[in-house]
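Same chain, two partners: chain A is paired with chain B first, then with chain C.
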Partner chain A sequence: MDGKAIFLLRRKRTIRVAIILLGVALTVILISLNTGTIRLSPTSVLKALIGYGTAEESMILYEYRLPRIIITMLAGAGLGIAGAVFQGVSRNTLADPGILGINAGAAFGLIAYISFFRSLDGPAALMIPLFTFAGGAVIALVIFLFAYDRYRGLLPIRLILVGIAVSAGVSAMTLLLSLRLDEDTYAFAARWLAGSVWSRDWVNVWGLFPWIVVLIPIIYYRSATLDLFTLGDETAASLGSAVTRSRLILLALAVALSCASVSMAGGIGFIGLAAPHIAKRLVGPQHRHFLPIAAMTGLVILVAADTIGRSLFHPNAVPAGVVVAAVGGPYFLYLLFTTK
Partner chain B sequence: MDGEKGFKSIVMSGSRHIIFILLLFAALLGLGLTLFMSVSYGAKDLTMGTVWSAVMHYDAELTAHQIVHEIRLPRVLGAAITGMAFAVAGAIMQGVTRNPMADTGILGINAGSTFMVALCFAFLPNLSYSALMAISFAGAAMTTVFIVLLGSLTPGGLNSIRLTIAGAVVAAILQSLSTGIAIYFALSQDLAFWYAGGVAGVTWSHLKLLVPIILIATIWACMMGRSISFLSLGDESATNLGVRASRVRFLGMTAAVVLAGASVSVAGSIGFVGLIVPHIARRLVGADYRKIIMLSAILGSILLVWADFAARMVNPPREFAIGAMVAMVGVPFFLYLARKERSDL
Partner chain C sequence: MMKKWCGTLAIILCIGILSACGGQASEAVNTSASSSSAQETGDSGKAGEKDSVTQVDPNAKIASMSIHMTNNLLALGIKPAGSAIGGGVGDFLPHVAHLLEGSAKLGVVGDSDMEAVLGLKPDYIFIDEHFGGEERSKLEKIAPVVSTNLDEGTWRDHLKRVAAVVGRDKEAEAFIKEYEEKADRVSKLIASELGEGATAMAIRVSAKEIRVQSAGRPVGPIMFQDLKLKPANGVEKISASEPYAVISKEVLPDFDADAIFLIVNNDDNAKKVYAELENNPLWKNLKAVKNNHVYTLDGQKWLDYSSLGQSMAMDDAEQLFTK
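Moving on to the complex of A and B:
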């Protein structure tokens, strides 16, 4: 079988997997809409969506359920793609924005935002992703500098080690800063770090939406470069890729994507790890195939985790990040001990 | 570590004896001063004389004496004794696993304890302190066994870097679950405890149980120091020198688990103490673990008393998480170590 045939076969498979995932995603979303203090059955959701629902149903759907679920979907997709890019760029299958400490940097940015604006509501919320991105970018730079060796390039394992340490330090600084504000902010910061989807207003959706719809296509457009990275730096360079430059660009894009996602959804780890792995298993290693699948997988995981955290432990809620960590953490260990 | 050089520095350490004794005295003096200072200063500043008389001839009528006796002293002693425990546990782990980055916090052992303590707070809120401590031990032991098993089941064994990462991830999972429990059961007023620990709640009844256990485990660790030193040269060298490697490793880890479990049960998980302090001690006294453990015990106390003092003074009257205080010093140190560890990467 020649290369073109394999390519066509993979593409067919990708489309098939994408359709199945779409079905799964829709099911999860409908279940998620149906859970909560007031239940909305799929038919009433449909009715409310096309404008025939009762006033109460439409109010619940449009004011409470939809913003939150859209944020969860966008953040899940963003984290899935960001994780895939981190793994591709660093050639490290264990890279994940949570473990690398990017989330901790984003948390620092968020707390800086709160101390600046004193509130999380209102139109200023559109600026939140900017602050989290600034925090995440600084941390990414620090980690990159520490894990970079002048002669051997980016050292994959050291990257993780440095990330673990940096995230511990930055979390400490975040808590210090948040304690200076007041007890509520401290509790908010701690919950945020545990990964609870906190935002539920339309303004938050509008804060997150542009980042996702702009960044994901840009990254997708560069999927050929990501493919080259998996061959190793030297091969990539000899095939005409400006390695360091495109690596920095992609890294910045991924940092922006993950920081924007966690800014509204809380510091959720392990999705950026698990989603790309699952996607790669499903449709193979070519980025143009598995990036969309990774996005959909991330979306399904986060929506499911949020739904489980809200419904299984009713009337209290467990942060989605805790649910993801309980499943994703063991998966990380499994990967750590089976990959070389 | 360079085997032969390490061996020499362990066996021919006679000339260093005097220096070591001087160091030990200096450290003890430093500890004494730190304790005094930490008891004296706080929301209400007291003079050294008041503190001295409060300790020596306690008079229940005087407010200053009451502050010292009921609030400051248990807390400062708690910081000292848990600092000692974390530092000694770290020294033991670094010795028996031959991993310069081993620390009960980083390897997830503290997180195991915290998780079990969180479960207890949620489901059995009226448990006695001794039972809580026993459960904390169980948590520490389970995590240790889990990580050791992971290491030994992996084909080709587990190098120190991978072990560190595995530990950090186990810690992340357990910490996440602990936070989940805290939030779910609305224990979030103690959120600082789940996040970074603290010694504000230490009482005399805690200390009565803690001090003997930690002191005995520390002395036990010192007695094992010679075997641990040999073990730190490698299993083969240790066997040649008449040390049963797996036995020493098992006993050493047991001591570390006891130390970590005991201190977590009262102060929560405080990382990085067990990482930094043994390194400083090793730099000061060489590769002999008898000395490293002794000096680590004292330096660990000093570090944590200082950290607790800073946590109280940063933003009074609010308290800051002590673990976060230590992390600010510990993280740069860890980065420095990670950068130095070139061979493994």
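Moving on to the complex of A and C:
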């Protein structure tokens, strides 16, 4: 079989997997829309969605349920893609915004934000992604400087190790800052760190939306570069890729994407690791195929986790991050052990 | 290639900076608005300027989004149709649960279950700015909102404010009068037991730490004003705007309190911590412990800074000091 045939086969498989995932995603979203204190029948949900529901039904859907679901959709997709880029750039399948310390930086940015502004409602919410991005970007820069070698460029393995070290340091600083907060704000910060989807309003959706819809296409457009990285730096360079510069750009994009996602959805770490792995197993290693699948997998995981989290132990909701870790962890282990 | 990417990055940066500026501007507006409203409320000394309703039929269907509010309503003999629940217990607080039988549960305080509120179809929603303030705009879409603010005034003021809205001023006055009489009685009991001008401190033992309660909310006012105890050495140093300070048990003797009011959290780990503390020589040698002047409080009532909670705490104190 020649290369072209393999490529066509892969593409066919990708389309098939994408259709199945789309179905799964739609199902999960519909279930999520049906989950809440007030029982709405699926038909009345659909009716309200297209504008034929009662005032009460459409209020429940549009004011309470939909914004939160859209946020989990956007954040899940963002985290999935960000994780895929981190893994591609560092050529390490362990890379993930959580492990690299980006989430720790974002958390630091968020705590700094609530220490100074104290308000999380209204238009101020649009600022939160900027603060988490600033925090994440500073951490990424520090990690980058430490992992950069003047002669050999960015060293992928050092990237991870430095990331783990820096993230430990930043977490300590975040903890220190958060201890100075008053009780209510501290409780919020702790919930955020555990990955609780705190944002419930359309303003939060609008805070997150531009980041996701701008960054994901740009990253997708660069997916061929990610493929080159897998060949090793020398090969990639000889094939005409400006390795360090592309790596930098992609890293910056991924940092922005993951920081924006966690700003609204809380410090959810595991999706960035698991979604690309699952996607890769489903459609193979070519980024142009598996990036969309990783996004959809991330979306499905986060929407499902948040739905489970807010319904299972009602009235006390469990943070989505905890559900992701509790359900995703064992499943991930199972995946690792059942495939060679 | 390089140029193109520099261009893209520049655009992203621009978007970022632009949205940052926009955000900051609105943030500035936001803070100035909130500070001016704070001044206004400071001037008039009353909460609820934003409320659209000033009179509520006490028999109307009322949803209460704060535990303090719920208990103030109960003190006035009004059972809300639905109420927020305590996050720790995930239910109505145990000391008032029997009064709320049949009321709907509207989610944990500060994180209201909007769907439950909507489903209740209340005529009015009562909130406390200190807890559900940020949810106000959402609640206003469901029903008119009446608010108090825990940070302004004492529980007496909150009770009077609610009473004025539901037209039960007399009941509020009677409630407060009864409380003051009780406080008089109990403070005399305490004085005869501990002597005039005895010093006291309140200690709360949780699974993780030992706390000394401040002279502020929730237990400060009842102990040091209503029961006329004197704050033990160092209690005054804890900021009254904080409910408590965490201490290490080594400094307990420094407080040199004549009496210790003790709250042990209602979980096994906290009880274990207290059992260890009880056997510690440091504890055994405290003046209050040696003189048998340690009083274990019903924490739910004492920590509930609402009219009903404080009144129940006063009853608890009367029992503790009646022999």
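Following the convention adopted for this analysis, the second predicted complex is superposed on the first by the 308 of 340 C-alpha atoms of A that agree within 3 Å, B and C clash if a C-alpha of one lies under 4 Å from a C-alpha of the other, contacts with A are read in each partner's own complex, and residues count from 1 in each chain.
Here is the rule we use: contacts are C-beta pairs under 8 Å (C-beta built on N, C-alpha and C of every residue); 3 or more make two chains touch, one makes a residue touch a chain.
The structure displayed is predicted, hence computed values, not measured ones.
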item: Partner chain in contact with A:L130 - chain B first, chain C second, else both or neither; value: second
item: Touched partner set for A:W202, first chain B, second chain C, both or neither; value: neither
item: Partner chain(s) touched by A:G36 [first = chain B, second = chain C, both, neither]; value: second
item: Chain C versus chain B, contacts on chain A by residue; value: B
item: Partner chain in contact with A:F117 - chain B first, chain C second, else both or neither; value: second
item: First (chain B), second (chain C), both or neither touched by A:Y186; value: first
item: Touched partner set for A:I249, first chain B, second chain C, both or neither; value: second
item: Contacts of A:N316 with chain B and chain C, given as first, second, both or neither; value: both
item: Touching partner for A:Y62 - first (chain B), second (chain C), both, neither; value: neither
item: Which superposed partner A:L155 touches (first chain B, second chain C, both, neither); value: first
item: Contacts on chain A seen with chain B and repeated with chain C across the two complexes; value: 316-317
item: Interface residues, chain C side, partner chain A - complex; value: 1-2, 5, 8-9, 12, 15-16, 19-20, 22-24, 26-27, 30-31, 34, 85, 87, 90, 105, 107-108, 110-111, 113-116, 118-119, 134, 138, 141, 243
item: Chain C contact footprint on chain A (complex, rising order); value: 36-38, 56, 59-60, 63-64, 117, 119-124, 126-127, 130, 133, 183-184, 210, 214, 218, 242, 245, 249, 252, 256, 315-317
item: Residue numbers on chain A that touch chain B, as the complex places them; value: 94, 98-99, 146, 155, 157-158, 160-162, 164-166, 168-169, 171-173, 175-176, 179-180, 186-187, 190-191, 193-196, 269, 313, 316-319, 321-322, 325-326, 329-330, 332-333, 336-337
item: Residue numbers on chain B that touch chain A, as the complex places them; value: 101, 106, 150, 153-154, 158, 161-162, 164-166, 168-170, 172-173, 176-177, 179-180, 183-186, 188, 191-192, 194-196, 271-272, 314-315, 318, 320-321, 323-325, 327-328, 330-332, 334-335, 338-339, 345
